[in-house]
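Each structure below is given as structure tokens.
Across the two complexes that follow, subunit A remains constant while its partner is subunit B and subsequently subunit C.
On to the complex of A and B.
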């Protein structure tokens, strides 16, 4: 219940300021522009792959932008002290704030659904890979949001949180490009760790339990670290 | 700091560390468990793109005896080949899994043959790294001699003499082992290293590797060599099933007519290659002496768009073929176009081209089988693709006029199973003359134009590139342009001719074909031209190529050999409907700007409401 109250409060606060509108509008303009240019290229295929391709890069910027203020702002303004004195557990604060970011991101992704409807009207779209791709897109976004939240948990400056979050998310984006340079033995592990590879596989219509477990685990790890960062006041103060 | 406070902090730190490590451990363990499991996940594609096709599974389960597959793959291959090799392994596992059947076998029990049902696996495979095999028996023998010389503390010459004398104290010579394979044995069976080129930055490196599948069935061996650097997994299922099918069941024989104004074989190479993948294809020049007799050895025939009247002998030969229950696919153009040449097009001269009714002489035959090809041309300004006009062996690009067919049996039924779109250049409509057939067991209008199409059926038609045709001037669609029928057909001839070589194959008077005879008709033959492929590549319009695939599929349907077509059609291009550039801009900007504008609009309304609410507040 506490988690829900925090999530609701933070989700609402996105919309009480221009943040949500600005972030989501830029996100939609960028994805829309890239997708529709790709969709109407010479091949003109009835597919959503043009949406999923550039997403790892786009999300590297947008996920930290959504999460940068979640904890850093609370620390910066000192309101974190008030929050931690409330009858709330630290993990409830982290989870509540994370769900608020997840809600905003999910709304952003949901606003791209008209693309699916339009493509399905224009050609025989295979809905399976399209929906699996959307699931992959959501999960990948949730991973990046968790990383962004983790970055936000360690600092009191939003800009620092954004840059650290961006750097970490960008590492995931670069990861796949580094794989060919790795020795053979490491490649299998490196491929498993590459987030965009899982997204590609899902967008291709292969719903692998390995991808689901990996992406959910990867989203959980930064949240645990963020939780411990908040908890650290108990042994550092 | 008090001790209790320090203790509390330490406890907090320890609890946090342990709980964090525990969560990390659980997640790591979960990932390791899932990663090492054999679960393949779910294939959510409509056509089960990542799973074995039911058609392939059907072929495998119909194998009369077990088949073994040896995958000869170099362990030290370039990393770029990993993905392909992984896909190959997954596919072979799927084949092996799908090949479990229960068969009735005869076993000897108490001195008597007893029939028993037994579960068996018809396909098994193993991966072999040929680089680890000895180069040859000679080399193996030499290495063995050296190892024996070392072990016995003797010179190589001494050991060689002992070996020549057949001294048993040397032990067993591995080169005499018949099971032991060497690289030289593999080379004799066509399994050799191939160059694998990989690109790293600006440099290209070459490495010779083994990458070949060898199928073994009833002592016969066939190799499947993969091209490409690296090869792509697409089409792997088709290639493998095709080879397996050929090895186990052989190929059916299909004839294509020639010599009566049909397209030059040199101009329809892609179509012929497409047919060659499925059948043993040969040319039949009907009307020429001795040619009609060739029909007796064929399993099916394609009448490939004759533009000269077929002689009576040829017609009788075809009729006789049908009356023996053999399938025939008629590709018939209702109209033939002449005029513009590629040179004209290159020089920018938009000459009109003239269309007139084709004199193929097939009307009598087709009518007897219950079909009529109209002497018209269908145009569709709404559902179309940019294409070109075939003019004999030449052609030129034309504006978007060619109808993209609305119905291909919904892409889910015979004979165009799995196909999504197909464009036909100046196709003619067909009529079904139901009462003419003795019995219709199945009639499939497999290709139909949209309601927006219209037909021109003037005796002489003039069309110029870029010219806008007025739909009101023609008859409105939809039109059926392809029929596939199964049933009993009546002969078109009342009596056989005398003294002709068609006699041997010509039907008796009033004869009927057996039940389940298959006849298909398509109102176009231009779609077979290589120019379609060339233009499709240039224009990025795969619809034109699918015309070739469609005819191949119909041929496979009539030959009752459609399994491979169904596999090949997996993943055929799903194309967007052609929209005008204005509509395209509208769709693009509507989608790009629509959602953000809606969001901002919602934000403005919410903001106004909030401001209004605040104004009403009184302290």
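On to the complex of A and C.
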């Protein structure tokens, strides 16, 4: 399967360079600190809420860092010419690269599980909210990775891809801060659109199907745009 | 569907980048078993044409077909049929050669069982078998070029499109790669671009010269050279007066004066020849064949004539005449867009 071949190659490429090791170790360092700092709430019940608060901010940096090279580097070095003249469909390339990034991020999140086990040993952990929170964490990461990949599709410079991706992800973080200033009618809409609010809800154990729909479509949209950007080389006649 | 004989056909192809026309109404076709040399100065439109043939870019106007399939309508089928070596060989530097070729095999859908054999075959062919474990980024330019060729050959494509395949290779490697291309060209179809003229003579049965996006010549290298009439001759005399000084030594000034005075001679200039000889380049006015007068003159004057020949036009001269005209016209029109290839 073509998507799988691309995903394998790009995932492997993270580990052939220092990228994977740097991203994973710094990610674990930061999340480890957040776990340790806020593992217990005021009733000294184990909780993971403290972890999820700063996550949108942390992911705003990590997601574009993971995705910035995926297409920008191919454009920069010209290897995109060989890639796109292989018998591959453009969406297969985009999806394959996205899955490589998703794989690295999921690995990073999976490596935080020992923290959870530690917390659960120290105090009673409410499993439902923990699982829902993790699902939210993964989905939010997938949204940010899609945004990062989209930014990478438009440029040949990795730094540009990173900054644009960071800016867009950061806007989602700022979004919920703007909500109080909005008129009453817009507030409902704005709250539904705020990514971190969905994450917080899930961390509280509320698994709203609307959240899933919203996050999944929010991940799909940038991928479609990235796909069109790649395809546009053939249309700019 | 029977395989069409015409493996590549380009029909009034035009590509514009904004106001700049990179490829201007080019038409040609290449048959199975032909090696076509694509010749032109840098920025003439060679690479752009190749990028269209390989489905990387779309044409602004006109059509291009590979094995009867339109590159615009059937990009995937076209990509399966071609092997492509882009300019500057942009490969994944972090991957090892074998790893990279395995990736290409996988995407090219070679049956799992035959992948190892295919990789071994092209690694042997391209002389990279003993470095197959090395990361591509650590290779020299020449080796990287061979890896580029290997990935283009691994699925045994019907059509090979090679953008400057020998650039960056040392002379021995160049000879090897040319031999390889000739071998492949016997039953496949090959287009290779170059701005190195001897390459065309050595490898291609046919040459197309493009300049400033336009096709300016199409034919066999020998025919193109023959079509270029030359009016230059070369004569070489012994000047040491023979064994034991039996004859008078030749004086440069005298010989030159006599040659220049021959009817139909425009100029005679000395060139550096081996010692104890006197060599001249003689140019005619164009109408006269000077071989007979030059011979007769040597007999009459008793100059010991060692060599006499009419100089053949080189492909360089054909190329320069065809491509310079265009540049001059452009300069006159005051328009020389920043050409990108």
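We adopt the following convention: the second predicted complex is superposed on the first by the 230 of 237 C-alpha atoms of A that agree within 3 Å, B and C clash if a C-alpha of one lies under 4 Å from a C-alpha of the other, contacts with A are read in each partner's own complex, and residues count from 1 in each chain.
The rule is simple: a contact is a pair of C-beta atoms (placed from the backbone, for glycine too) under 8 Å apart; a residue touches a chain by one contact, two chains touch by 3 or more.
Being a predicted model, the structure only gives us computed values, none of them experimental.
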Touched partner set for A:2, first subunit B, second subunit C, both or neither: second
Subunit B versus subunit C as contact partner of A:167, first or second or both or neither: neither
Partner chain in contact with A:17 - subunit B first, subunit C second, else both or neither: second
First, second, both or neither for A:234, with subunit B first and subunit C second: both
Which superposed partner A:205 touches (first subunit B, second subunit C, both, neither): first
Partner chain(s) touched by A:131 [first = subunit B, second = subunit C, both, neither]: first
Comparing the two partners subunit B and subunit C, which touches a greater set of residues in subunit A: B
Shared contact residues on subunit A - subunit B and subunit C: 16, 234-235
Parts of subunit C lying in touch with subunit A, wherever the complex brings them together: 15-16, 51, 54-60, 72, 75-76, 79-80, 82, 84, 86, 88, 90-95, 103-104, 106-109, 135, 151
In the complex, subunit A residues that touch subunit C: 2, 5-6, 9, 12-13, 16-17, 77-82, 84-89, 233-237
Subunit B contact footprint on subunit A (complex, rising order): 15-16, 18, 20-21, 24-25, 28-29, 32-33, 35-37, 39-40, 42-47, 111-112, 114-115, 118-119, 122-129, 131-132, 180, 184, 187, 192, 204-211, 213-214, 217, 220-221, 224-225, 228, 231-232, 234-235
Contacting residues of subunit B [partner subunit A, same complex]: 8-10, 12-13, 16, 20, 23-24, 27, 30-31, 34-35, 37, 39-47, 49-50, 79-80, 82, 200, 411, 420, 539-540, 573-579, 584, 587-588, 591-596, 598-600, 603, 606, 610
